[in-house]
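I have placed the structure first, in the form of structure tokens, so that the comments after it can refer back to it.
Note that the chains take the letters A, B and C in the order they are written out, and that residue 1 is the start of every chain.
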Amino acid sequence: MTPGNRWTLLLIGAAAVFMVIAIVLVFGVAPDAANLTTETERYAQRIFYFHVPNWWVGFLAFLIAAASGVMYLTSEREVWDVVGLSCVEIGLTFTTIGLITGSIWAKPTWNTWWTWDPRLTTAAVGWLMYVGYLMLRDAIEHPQRRARFAAVFSIIAFLSVPVNFMAIRWWRTIHPVVIGSGSLDAQGGFALGPNIQLVFFFCLFAFTVLFAALLALRVRTEWLARRVEQVRQQVLSRG
Amino acid sequence: MIEVQSVIKAFGNRPILKGVNLNVAGGEFLTLVGPNGAGKTTLMNIISTLSRPTAGRVRVAGFDLAHDALAARRQIGMVSHKTLLYDDLSAGQNLRFFARLYDVPDPQARIEVLLRQVGLWGRRNDPVRTFSRGMQQRLAIARALLHDPPVVLLDEPDTGLDQHSAASLGDWLGQAGVARRTVLMTTHNLERALTWGHRVAILANGRIAFQADRSELNADRLRAEYDRIVTRR
Amino acid sequence: MPYLRKVLAIVAKDIAAELRTREMLSSMFVFSLLVILIFNFAFDLRADNQAALAPGVLWVAITFAGMLGLSRSFILEKDRGSIEGLLLAPVDRSAIYLGKLLGNVLFIAVVEMIILPIFIILFNLPADALPVLVGVTLLGTLGFAGVGTLFSAMVVHTRAREVLLPVLLFPVVVPVMLSSVKLTAAILDRVPLSEVQNWLSLLVAFDVIFMTLSFMLFDYVLEE
């Protein structure tokens, strides 16, 4: 019940192609943002094309993980546990990259690597939550219990993300709110002209395909690993 | 009263119960023996609704455990090798608590009757922590019978008891009125299995390998069957 | 109503057990006092910045003490196998959640009721703020214990229980901490609550959503 060989290869191929196009678009085609003043700022702005999709993929991954959690609890079919685990691993990776790219962008723009601004703080908190997910899994030996607890935790973790997010609506932030109502204190924000929008949405798309490819790969690997373990156990118990 | 049909239980990749079929009729006392790891406690956990089988059906007192577990719990009283009691509370407090959970009518009277039957009325205000293992098991019996269940499950109740206490456990069970109920007991001790039960069954390799009425067995024959089954792979 | 009776029976049992030993309450109380003291030394709190830091200090003390209480609640049950006694009984699993939750809230609240006046005295804060402060503290405790009861039931099965519970719980209850600290600060600064209404709404919303969620998910966490 895992993505077959052909689908996986197709996804990987598609992801590779789209990502290359995305990189070309970002560095070749996309125009400079209009209102940014320094050379560094203009160049650093391009990270936006990678930074935001990173967070988008993270969000998507954690959403699917929570949904898989629900599916696992209701059906008790192992495949949902595999999907959940894979999603969290991938989501965490992208979130980490998101934090790092954000930091790289922040230095020239805000003159600091990090700030305890609410959006960043809640992002870091979210990151910690999913590291906790992996730690929880590690700490439980019983496979069904591990899957069940992981499912419960991923549901709660995901639902706490929007609640965390709400906090910034009522807190002045220096993080540019590019999508949605802006804030007076936002520094480094820029207008989304049509070309920028085009490149941006393509990147979003490319990253989503990349996510799908990675997910397919990870699910396959995990599923096969578990089946191998199952056969091993059967052989051992017969001996 | 207890119907176990083709029950399979696997933990992850390891199957423990591989298709157990067992029936205990109303009023019957069945003892189940088997080597360590055979799955006796796993089976007891399933029958007592503590865990669910991977496959198969279990009915207790007419209730299908997959759908009516809560109703089934009212019909079951269990004595385990763990006491399942609260050490810091007194015997009386423990029983009063469980009486509330089981909706026992007229709890005070019932508690007194049971405590007297197991000889613990004098210690009713002492914390369970101060009881010997034998006394704790007696209190556990009282707790199991608090709600007058038709079905009693005993999961290796003689564990941790010395020879004398283990033997008198049978007396206490009798005093508390276990005899007229449907009883399923697991134990390591073959002699006890034979003397206490109407029927004996052997659980090995995840299945019921042998069953016989007490009238058809004696200690030697049971021992021989047991050794034969357990050493066969 | 039998359901409610069973919930209360569980709470009563936990109270009775704690009254016998008083271990948990005393350790929670002493621990929170220690935290407040340590913060005093660590941050060299002088009169001017004391008022600003006070709410944070209070909530750190409450949170850490709360963690202690939460983990003990289930560890005792698991180690002596008594959770199975509960599971064998004809009790809805959700009733066990409510019973445990109420017990946890009660214990943490008892510690808070002692800590709050001490806190006000130590930091020389307006005493008439106490009633509203109590209300806000309880709201925060509900959110904290709501999810904490669920998590402690999970964590009790692991090897590194005492470490894992804070790791899992803290990130999830950040909104509770945030709102509680903001509200506490507002109360102590005599800011009218209408101005910090959004934090109050956030806190209440969190409490409702996550207690409901934990209530629904608790079943899955107790199964063998």
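As a convention for this text, a residue touches a chain if its C-beta (ideal position, glycine included) is under 8 Å from a C-beta of that chain, and two chains touch if they have at least 3 such contacts.
Since the structure is predicted, the reported quantities are computational estimates derived from the model, not experimental observations.
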item: Graph class of chain-chain contacts, one of line, ring, star, complete, other; value: complete
item: A-B or B-C - the one linked by more C-beta pairs in contact; value: B-C
item: Farthest chain relative to chain B (centres taken as mean CA coordinates); value: A
item: Chain closest to the middle [Cα centroid of all protein chains]; value: C
item: Chain centre separation in whole Å, for chain C relative to chain A (CA means); value: 32
item: Chain B and chain C: spacing of chain centres that average the CA atoms, whole Å; value: 39
item: Distance between chain centroids, defined by C-alpha means - chain A, chain B (Å); value: 51
item: Multi-chain contact sites of chain C, meaning residues that touch two or more partners; value: 223
item: Residue numbers of chain B (touch at least two other chains); value: none
item: Residue list for chain A, restricted to those that touch at least two other chains; value: 142
item: Residues on chain A engaged by chain B in the complex (per definition of touch); value: 142-144, 226, 229-230, 233-234, 237
item: Interface residues, chain C side, partner chain A - complex; value: 147, 150-151, 154-155, 157-160, 164, 167-168, 170-172, 174-175, 178, 198-199, 202, 205-206, 209-210, 213-214, 217, 220-221, 223
item: Interfacial residue positions of chain C with respect to chain B in the complex; value: 2, 5-6, 9, 12-13, 16-17, 20-21, 80-82, 84-92, 223-224
item: Complex interface listing, chain A residues touching chain C; value: 73, 122, 125-126, 128-129, 132, 135-136, 139-140, 142, 145, 148-149, 151-153, 155-157, 159-160, 163-164, 166-167, 170
item: Contact set on chain B toward chain A in their complex; value: 11-15
